[in-house]
Amino acid sequence: MSNSFGNCFRFTIFGQSHAPAIGVTIEGLPSGFEIDMEKLSAFMARRAPGGRYSTPRKEADMPEFIAGLVNGKTCGAPLTAIIRNNDTRSKDYEYMRTVPRPGHADYTAMVKYGPSRDYAGGGQFSGRLTAPLCIAGGIALQLLEKLGVSISARIEAIGGERDEVKMFELIDRVRAEGDSVGGLISCTAAGLPAGLGEPMFGGMENRIAQAVFGIPAVKGVEFGAGFEAANMRGSQCNDPFIMEKGSVITESNNHGGILGGISSGMPIEFRVAIKPTPSIAQTQRSVDMSCGEDTELNIRGRHDPCIVPRAVPCVEAAAAVAIYDAYLENKMLQV
Amino acid sequence: MSNSFGNCFRFTIFGQSHAPAIGVTIEGLPSGFEIDMEKLSAFMARRAPGGRYSTPRKEADMPEFIAGLVNGKTCGAPLTAIIRNNDTRSKDYEYMRTVPRPGHADYTAMVKYGPSRDYAGGGQFSGRLTAPLCIAGGIALQLLEKLGVSISARIEAIGGERDEVKMFELIDRVRAEGDSVGGLISCTAAGLPAGLGEPMFGGMENRIAQAVFGIPAVKGVEFGAGFEAANMRGSQCNDPFIMEKGSVITESNNHGGILGGISSGMPIEFRVAIKPTPSIAQTQRSVDMSCGEDTELNIRGRHDPCIVPRAVPCVEAAAAVAIYDAYLENKMLQV
Amino acid sequence: MSNSFGNCFRFTIFGQSHAPAIGVTIEGLPSGFEIDMEKLSAFMARRAPGGRYSTPRKEADMPEFIAGLVNGKTCGAPLTAIIRNNDTRSKDYEYMRTVPRPGHADYTAMVKYGPSRDYAGGGQFSGRLTAPLCIAGGIALQLLEKLGVSISARIEAIGGERDEVKMFELIDRVRAEGDSVGGLISCTAAGLPAGLGEPMFGGMENRIAQAVFGIPAVKGVEFGAGFEAANMRGSQCNDPFIMEKGSVITESNNHGGILGGISSGMPIEFRVAIKPTPSIAQTQRSVDMSCGEDTELNIRGRHDPCIVPRAVPCVEAAAAVAIYDAYLENKMLQV
Amino acid sequence: MSNSFGNCFRFTIFGQSHAPAIGVTIEGLPSGFEIDMEKLSAFMARRAPGGRYSTPRKEADMPEFIAGLVNGKTCGAPLTAIIRNNDTRSKDYEYMRTVPRPGHADYTAMVKYGPSRDYAGGGQFSGRLTAPLCIAGGIALQLLEKLGVSISARIEAIGGERDEVKMFELIDRVRAEGDSVGGLISCTAAGLPAGLGEPMFGGMENRIAQAVFGIPAVKGVEFGAGFEAANMRGSQCNDPFIMEKGSVITESNNHGGILGGISSGMPIEFRVAIKPTPSIAQTQRSVDMSCGEDTELNIRGRHDPCIVPRAVPCVEAAAAVAIYDAYLENKMLQV
């Protein structure tokens, strides 16, 4: 089902941008695990809006754990956390009921869910739904940390700019132009044991890709050398195995830590392409579904000129849930 | 589980390169569907080896349908097709038992499955396992064709060469050098209705990516503008909606036919990066797992200098199973 | 996973007896379905405590819909409903931390979840968790009603008494004795089309049994003639097919409306055995896990002498979710 | 999907009575497990026909392992075993194309799968499909044996007769009358650790019931005191916990080794009701679907007067796959 992810560490995300609440239910947690709430808050805060480069919408975004937790520890029951939606301005969206925003899910939602769809704030397609993803991911990160696995993502480029200062100048410029801009995020998961992931459809690439495309605006993912591998020779791309301090490593990491879908013990490296935020202040062409005629659209409301910075922890969260799920599945089959 | 794909159109692939057989079992087929065997053979033939640019290993590769088919029509029971493995030369692989091939799953398989793993011919990691994928995909393509959906993939580049003649010159050159080369495959699915796919983890991107990474050697996937979108402004990337002959289309297709994970009715466009075949004739460095020492490896046996041509139908198959599965899931929820 | 049910109409129940809340998230609902809240309340009320024969614990038990609903209609997003736990008395359970109640899940929960388990009020094993089941079931009943399917369960016997008056006299008597009593519930689902359910593990019996055993205290389920069939001859048990008003029916219904796992169009008939409430006022023998010694246990707190009456709507709910899930799965495969 | 079972130890059964083959694919096996083929053959032989009380149809029924096995050991890839169908007499069934056999799935299969269904020999509804179940179950039994778990089922009654001699006299008698008879099978799983199974829908009762109803002709299942519990008082039904040799056991086993869906460490005890074989030699009333008229049916071909003896190993197989699947799932979550 669309809002569920994972076989062993399995969670279901619910809520819409302007519903009473958003949240997540997680199955597959060990009993007795103490969630570090400060660490989780700090992680959630990285995706929260309100920063210089994001929408002014206020979000406390600290989850309320309504089930599965006793004295801060998991009790074996499914864990459910919710975040109430307070500061919502549905009227901002009223006028968009019949005119889909280019680049948004408005049109596809109209077709799929009909007039009953929740269009306010993007409904279930809102970037706000990445908050519950970060709850599940933040917890998976803590579980992985105990296993010696660390995951960290970073902005590699924004609108082609790779220099940090220029990146943020660019964001200010596009904001001034009533425009938006996309970017690249790269992510590294280090400390994984070799052997995680399954061949074919349960490989680490398959799992991470399935999770990462759950983040709105992601349009591409590549592992290791990725698309560059298409230009390489085998003699360049193959990573030689060598012994180092008694363990097997590879001299280079074009394989991105994954061979045959299975972790090699080298860091898992992947890169994600984020498209520009579709909501821009400039006048855009669209159609009025109520009369089936071309029209022009001016989007009001609050919008990030660039969601790349806020997407960084979301990418870490997506990697974490995919990797921890694979860890559990592998554990099950090891004698 | 690793070898299974799909929620509604669900199949499980089994077999290893040198096992008695490989095959697939498919659940979720309608009863009374007549499989066009000639069309399926023609489709399978496109991935079969024996061509100028592929391994000389002979494969009839025509599946034997041992269950689920009565007089050429599906009967409502799961469909199982097998392909016997005949022309196998296990001894070619004997010497690789303890020395993993760089770029291959040999090492990760050793770690995950231990001494009992099937290393002959790459075992379950062999490209040969894409034959059952093409059985499932070939059938899904026929089911989709009845719905007006056509899927076609093509080689976009090999080793950076985009001119067809130069591509094949390059393949001959790398073969002569005992090397291999990767490439780019682009794929288009046209004729889909809008509304297929689910938000978050069940989106068309998630599903197609999960399927496509099931093809060995795929290291990246992008949809529509893909990685290029990271360099764009919203005003460039957003595809304006316009009315054409009474229906809503987009003027451009940077979104690759997918918005919010859901098909927009525009063609689904995606691109896949294929790494160079890891098996090359050149001497490579590796380690001998039996003594934990660095060593050199010379791979004998039969190998494609470039598997990109054979991967083209596999990409179509992966797209077909993902799209047909989404079609069934969507159908279920439409009143 | 343990708290999830269904392939197409899929829901996950969360919460513990004394957690902040209990609830359910449902995927697989059509968009635009208007939930009849009065009907749902009336249905929930049938399982709510407070009646003459049940615990005095007060439960409003009316769910708050925090996601998936817009103006009372489903919007295509997962539906999440929660019920806050107010009137809880954890101290009642303090003393039971180390002494498992006979017939309860206390001991198995200790073993499985360790010291972190939530033992207050039975934690996730509390009968209270049938409230979210009744939310999912109540909605499924409304969806089925639109399809012409009606489901109704009734008390067939309590402690062997089949006369209603005597049943309730018996309940009063066992209450006075500080004891409890079990009973039989039979359920009929009428108006189903023939063809629902799949062979083998997806049959109507398999699905209904899997759902029904989700109700605490259920120890047996039988369909049609059920256990009596073990004493019959084929000539007695086989239900002759006859034509009636142009349609095929069976003269008798020993098959309970299910042949080969698939609905025959005749009413689905099944019977469920409910064990006596394990919490009784009488002194019972148990062990103190803290010292590993035999001990005696006197259970304080509020307890039903007989949960059979409250289990009736739960059985309807279990049947409804199983049948509606099978309906969706079948719809998917019909051309 | 209907022909698949299990979350962790997951298998898919395929084939029809008169298809080229039947078989099973199993995922979730550890790598390096050596299957005891003699033990498996002996187990399969217990359900094979040819015995005094079963159809004369010859079945070697020894599976051919076409994938997943190298030198008799699992290699980590899915295990696929097939059994060729040889001695089949489709013409025996020709005449039944339009006249459904009472008590059989003929009618429901007609409705669900239409004219393309495989009706020969009962198609996918044939008892023959329990052979692949016994392959999966036989392997699960061997895996469980290594864990100290033993599962054994026995005939408790046939047509109400509990004396073994009388049981078989009865079978001879009903055979002479061209009739058939049902019976009761009880099963015990001993040596399980406490803690297997999950609350709600993943409980041991739910899992075993889902598997057991996959055996044709099963119409009821009960655990521990089962239906008798409906007549008991809590003071009788609750099993007192006592210490014995330093471990916790229960004095009686009315709970059938399962509390809250989780194994208690006491033997899991359940009982299954088997209806009489629907195929009998006596003339029966049915309808001719081709003209929609009442008619009479005389079944030719080979049929068991009582399938209870052959169902005994199938019940063990069903219990084994359910218990081993629960074992793996529990293992995954234990720290």
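Letters A, B, C and D mark the chains in the order given here, with residues in each chain numbered from 1 onward.
Convention: a residue touches a chain if its C-beta (ideal position, glycine included) is under 8 Å from a C-beta of that chain, and two chains touch if they have at least 3 such contacts.
Source: prediction; values computed, not measured.
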item: Chain pair showing more contacts of the two, C-D and A-D; value: C-D
item: Farthest chain (mean CA position) relative to chain D; value: A
item: Gap in Å, rounded to a whole number, between the CA centres of chain D and chain A; value: 44
item: Intercentroid distance (Cα basis), chain C paired with chain A, Å; value: 37
item: Length of the line joining the C-alpha centres of chain C and chain D, rounded to whole Å; value: 25
item: Where chain C touches two or more other chains at once, by residue number; value: 1-4, 7, 13, 28, 31-32, 77, 109, 112, 124, 199
item: Interfacial residue positions of chain A with respect to chain D in the complex; value: 7-8, 28-32, 77, 199, 328-329, 331-335
item: Interface residues, chain A side, partner chain C - complex; value: 1-4, 10, 12-16, 19-23, 25, 27-28, 31-32, 64-70, 73-80, 82, 109, 112-118, 123-124
item: Chain C residues within the chain D interface of the complex; value: 1-5, 7, 13, 100, 102-105, 107-109, 111-112, 124-125, 129, 157, 159-160, 174, 177, 179-184, 194-195, 197-203, 205-207, 209-211, 213-214, 216, 218-243, 246, 248, 250-251, 254-256, 259-265, 273-280, 282, 284-287, 289, 292-294, 330
